Amino acid sequence: MSGQSPGPAPAEARGTRRAPADRVRQALVAAPLAVPLLLVCLVLTLATDRFLTTGNLENVLVAASIVALPGLAMTLCIAMGEFDLSVGSTVALTGAVTCTWLVDGRPTLVAVVAGLVVGAAVGLANGLVITKLGVTPFIATLATLVIVRGLSLVYTDGRDVIVNDEALKYLVAGRPLGVPMPIVLAVLAAVLAWWTVNRTRFGRWVCAIGSNREAAVISGLPVDRIRIAVYVLVGLAGGVWGVLISSQLQKGSGQLGAGFELDAITVVVIGGTSLLGGSASVIGTLLGAILIETIRNGLNLLNTPAAYQRISVGLLLVAALAVQAIRRKAPTEALDDV
Amino acid sequence: ESEEPATSGADDGEALTVGFSVYDMQFEFFQEMERGTREAAEEKGWEFVLHDQRSDENEMVTGAQALLDQNIDVLIISPVNPEALGPIVNKAQEMGIPVVVDDIGGGGTPYDAIVISDNEDGGVQAAEYMAAQIEANGVTSRKVVSITCEPSAFYAARRNEGFRTAIEAAGYEVVTELSGNSRAEDAYDIMNDALARDPDVAGVFACNDPMAVAAGNAIIDAGMDPVNDIVTVGLNGDPEALTAIESGGLSATVAQDPAGMGALTVDLAEQLANGETPDFDNEAEREVYQEVTLVTSENLADFTN
Amino acid sequence: MDGATAKSSPLLEVVGLTVDFPGVRALDGVHLDVRPGEVHAIVGENGAGKSTLLKVLGGVNTPSAGSLTLGGEPFRPHRPHDAIAAGIAVIYQEFNLFPDLSVAENVYVGREPHGRLTRGLDYARMRRGCREIFDVLGVRIDPDARVRDLAVSEQQLVEIAKALSVGGRVIVMDEPTAALARTEVRRLLDVVRRLRQEGKAVIYVSHHLEEVFEVADRATVLRDGRHVATEVITETTEDDLVRLMVGRDVESVFHRESTDEGAVVLALDGVSAGRHLRDVDLEVRAGEVLGIGGVAGAGQTELTQAVFGAIGLKSGGMRLDGHDHAPSSPRDAIAAGVGFLHEDRKAAGILPDLSVLQNLGMSVLRRLRTGPLRLLSPAAERGVYREYSDRLRIKASGADQLISQLSGGNQQKVLLGRALAPGGRLLVLNEPTRGVDIGAKAEIHQLVNELTAAGVAVLLVSSDLLELLGMSDRIVVLAGGRVVGRLEGADRTEENVIACATMGRKIAVDA
Amino acid sequence: MTSDTVLRPSGADQGGPRRSRPRPTLGRLWETWGITVVLIALLALSPLIAPDFLTQANLQSVLRESAYLGIVAAGMTFAIMNGTFDLSVGGQLALVSVATLAGFSAGGTLLAVAAAVATGVGCGLVNGALVTALRVPPFVATLGMLFVFRGIAYIFTQDGPKTLPYDQADSSFVKIGSLNLAGIPVPFVIMLAVYAAAWVVLRRTTTGRQVVAFGSSPEAARFCGVSATRVRLFVFTLVGLCVGIAALTYVTRVWTADGSAQDGFELSVITVVVLGGTSLKGGKGTLIGTFSAVLLVAVLNDILVSQGVGASYQRIVLGTVLITALAIDGLRTRFAAPGSFRRAVLRRSTEVRSSS
């Protein structure tokens, strides 16, 4: 456009970004996150001799996969302009249910499905309260966070439910084709999420709602049903998270997962999906999860005391996003973001 | 220095009301402590009022002070933050109500008595067992890992101090010391990272059992054995630790006796209410010790009843 | 009267329609009938209830009384979905677009074509469909562009494209041309005629009566929420309609009272800014209206935003009242005495959660402070409200009504009041009468005359060519971000503006 | 074909269609006062549920303990009305508390107060600078600083928490937390003063107006001369200042501070603000709503605890009440609003739109 010749100018088409270019732009939004990620990796490679080993990188990717799974569902929710605070408690309740069913002697598959159903049910409850009772998502999911935590404690009677189940273990420790199971799950989920967000009606409608809910209603989109579906998905993903954590720890407990909701939201937001809604960056969420887990892993490898770990995590988060903002050179855009 | 306790309705044999402010009933440890306290009080025919601090220091101060207003004769408190005992003890003293602290710490306040596990000794026992077991396993590495509670848990830090001193004396090096915030989820990740850093660690100590069992699971997931390859030791004696020792997921734990501690606080409360001076293990700090015991597969049966 | 229209029975019939808002009865027993193959205009002052009526048809507003019949069947839309399903396509006055989605996705929202098996969206088909509609409309808009990046007029065209692609039996258009340039209006009117030919019923709302007389078969006049009259276009005149709308004769519009020109107030010297604007020189004198012409996207918006400090200069300089004028933000420009009206009322004009009073006062907050603590004075605020609600005849149920509850035209008046309130020497007006009714339009023009008489310099951007010609003393025409023509005196003709805007030169005149 | 209405001269109908009195509608009244009504209802019912609730000592205790939350919530109301929020308040409270107690032991009450205010404002300025100068989105900036502030607090308390020495129990400093003025606890008096001042700033100053305007539509506000940098800097600094004041009422009640103080505080604060009717999309909200919501949560909590409801069940009840309180409003706007289809949906999305 800048090279436009003077003089007669026909009614020109504005906004020349095409969809493929739009995708490049999306990738570029995620790419600045790749820059801090590479920086962090470089520093860690130099500072420790163990960072760049297959075993360690696999650790990082497994941990990132486990938080990316709920993160991907949360990406949809945030793209819709809302978020779900109840995930951490859902982790506790699903884990508790799955482990209790295992202890009661039910087959692993049944127990896992039961846990996932419970997670989806929490999501359904969120969706119904939000759409049918008109409660703000923040309060609705915060209330569910509190209630579901209470329910998991009541359900477990405040005690650990210990299991020893090989099949359950397979979900985190299994290696189909030599790749750790969580990575397999996360990659599958990411492909599905990318397809859904960018290539299906459902995904576009989710972004449409996040972009302008009034217009979505006026355009006749089934807004309530979409919102409920997204909350069910987030609940389900919380269930997956709960099952994976229980698989790792071989126990269920009313206390697990406290504060996880913020982790899930954080990977999405640092991945570049705006809390204002309207667009979703699946790649960003993956990179966000990897960045967070790399930082955590690195600080552990460096044996950083807790107090300094906090400070470093905080500063690195801020720095990563500052780099992103500067690279984006969009002053007001960043400011208007929540 | 501690004041003459009030004797309101505390004549010998008469029914007292005891208020117990507990750290957090979410944790099995404190559920046991509550059970021990309540059952001992009921046995004496006392009235028992419970307050749950829910791990919140604001709730601790508010709730415990409110408890003092409910016509209790003695306050037993297991403080989420011992340093916040000041305003509570201060008010209790003004009202002439004796305060018995259960576990955690007294925060330098003029409480009347404190029952406390010997945390440092717990760490020492863990270290000594670990060193012996590593030898027995025939492992030559001298690297060990220590997983601590949250940085604010000063009482629990003594366990790691005791552990560190004793294990270093035995010729080992603590290569990783990180906080798992008392949470199993965090400890699992920390153990993973510690193994990536030093694949040849010979032992790991976690200052509570949920973290120790989680570390054991991480070791198993890394294809190793938390008893024969890497000696894994916890502290508390929680049911999950006992189960894990039985199934080979944990080498040992150092058991506290929360129910016993609860019962002990009730005895102390009775003596204080009657104006007697209890028999302290440490006169100056008004401490009564509760023993800690090492639990291994050998003596496991004594603890699982 | 058109023969076909007379014979056929109504496709859509509205009887006794009443709509209540808290504290306001927006419609009161309104009736309306629209036949297939008819273009039915609805006219009335700002706040008369036109949009409310259309929103009932679209299932957005629920009436408190009255009945609708569609194709002979009772019709009671409870939500927009019902109306869409019944074949009613509505272009609302305020856009209902998804800024983060592409043009094609907006046009096809809710009806996206997709593959059977993979459910993958068929973008190729969506793009093709868009291009076809845009060709008919004679515009070039990239189907893959993000709507957020489009100019207001382009957004309007996307709205139109959306409604056209839906099809349906009844097409409802609420001020579709308010944001369009002249050529685009022509194309749209052609499209409307074609729809009529196809036997569709078109409901057309506009404040531009010449459009109404060009395409409509009948016109229904609303006033204060009531049905005043339904006239056959061929049997009435513009003056008659206006009288029915406002209850009085309206002075001929665009009556510019030229004043003696004073000193230069604003001077631009080689200004380049934003994505387009290149090397612009111009002067605006005290007491003068300088009009800026050009097709959409020629750089008018960037010019005004540069003057207002909303975008930075790349090169060149500005002088205001003889002093250097280099505002780094609108804040600086306001402090320097520049009044500004934004063209995009909804996105960059109104503060939707604030009251009419608070919206008005925003530009003069500092002046509203009293007392040692410099606190805002409610009395002073009400003073501002009284002054401008009288002067601009703003229809609101009170000073504390939320601005988002006002009709579009009344919102515009509030924003105009906000631009005037600082009372500076330079006023930058972007589309000042967009969506404003004919009576109010004349009042605004009168106001501009008063201001210039008092020595204010006005920079006017208007896509309404008649307004631009009628109100400007001189016109600067932009194309591709550059000045391509300066028209004064007798040169200020429609032909010249169009010629400059599209060909870069005036129509050749005999020497 | 002819008009059935008599033409009348213009100007006679300034008010427009049947606009009688500009009385506030029930809906807007409920938006402002709804949560207060719920609070009053709960207080009125409390003798039936918990006979001991309305005793002077208990009321004093409830008011005293909720003050610090309430004071921070006042600042957070500005932030949320401005369309942002501050996730770092928990870390700020910890750090300010540590600084306050350090100040007290170094130089008594005056230095403690100075340290509290200075540290609070300092934290706020840091957040504000990150958001405005470095353009870090507020969510990540304040989340990051939550870790940083707590971390710093931990570093300063590595050898043990900062505590108020027991022998200072009678000092004037401690009185801030424990004294009553005419039967009203001093922390609550401070909270009242903060709300009064906040009300004046929000309603009667240009800055307050600009905060709300920006929250309602950042783009429109920019064209009204509102500087995003200034309002955001102001808002984050104000939150910091409120934390500074709140910390004074906090440490004088618990006498101790380290990095762990009030874990999860940010969520509690944002909850009461949203419960009080302030929209997370910005532009809309009231201080009285926040104020009432603070008390509502405190009263509920107190009643549940005093009724011996176990912690697990307390959660369930509290969560259910939260939903119910907002469902009343949600259902009202959804079904009872005249004229409009799903006004709740429409109204919210207008805000979304305007901020995009």
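Lettered A, B, C and D in written order, each chain numbered from 1.
Please note the rule applied: a residue touches a chain if its C-beta (ideal position, glycine included) is under 8 Å from a C-beta of that chain, and two chains touch if they have at least 3 such contacts.
To keep track of the chains, here are their UniProt names: A, D = Ribose transport system permease protein; C = Monosaccharide ABC transporter ATP-binding protein, CUT2 family.
These numbers were taken from a predicted model, which means no experiment stands behind them.
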Comparison of A-D and B-D (more C-beta pairs in contact): A-D
Whole-Å separation of chain centres (CA-atom averages), subunit A against subunit B: 36
Cα-centroid distance, subunit A relative to subunit D, in whole angstrom: 28
Distance between the centres, which are taken as Cα means, of subunit C and subunit B, whole angstrom: 72
Interface hub residues of subunit A, defined as touching at least two other chains: 153, 158, 210-212, 214-217, 254, 277-278, 306-307, 309
Touching two or more other chains - residue numbers and ranges from subunit C: 60, 79-80, 99-100
Multi-partner residues of subunit B (at least 2 other chains): 25-26, 150-151
Interchain contacts, given as pairs of chains that touch: A-B, A-C, A-D, B-D, C-D
Complex contacts: residues of subunit A adjacent to subunit B: 48, 50, 53, 55-56, 59, 63, 153, 158-160, 162, 164, 169, 172-173, 245, 248-251, 253-258, 296-297, 300-301, 303-307, 309
Contact set on subunit D toward subunit B in their complex: 57-58, 61, 64-65, 68, 154, 158, 160-161, 163-164, 166, 169, 177-178, 250, 253-256, 258-263, 305-306, 308, 310-311
In the complex with subunit D, residue positions of subunit C that touch it: 19-26, 28, 47, 49, 59-62, 64, 78-80, 99-100, 148, 221, 223-226, 228-232, 235, 243-244, 246-248, 308, 310, 329-331, 333-335, 340, 342, 346-354, 358, 361-363, 365-366, 368-369, 374-376, 389-390, 393, 395-401, 404, 418, 439
Contact footprint of subunit A on subunit B as seen in their complex: 25-28, 31, 148, 150-151, 175-179, 181, 183-185, 188-190, 192-199, 210, 213-214, 217-218, 221, 238-240, 243-244, 247, 249
Interfacial residue positions of subunit C with respect to subunit A in the complex: 58, 60, 79-81, 83-85, 92, 95-103, 105, 109-110, 112, 114, 118-121, 123, 139-142, 144-147, 149-151, 154, 181, 183-184, 275-276, 278, 295-298, 479-482, 484, 502-504
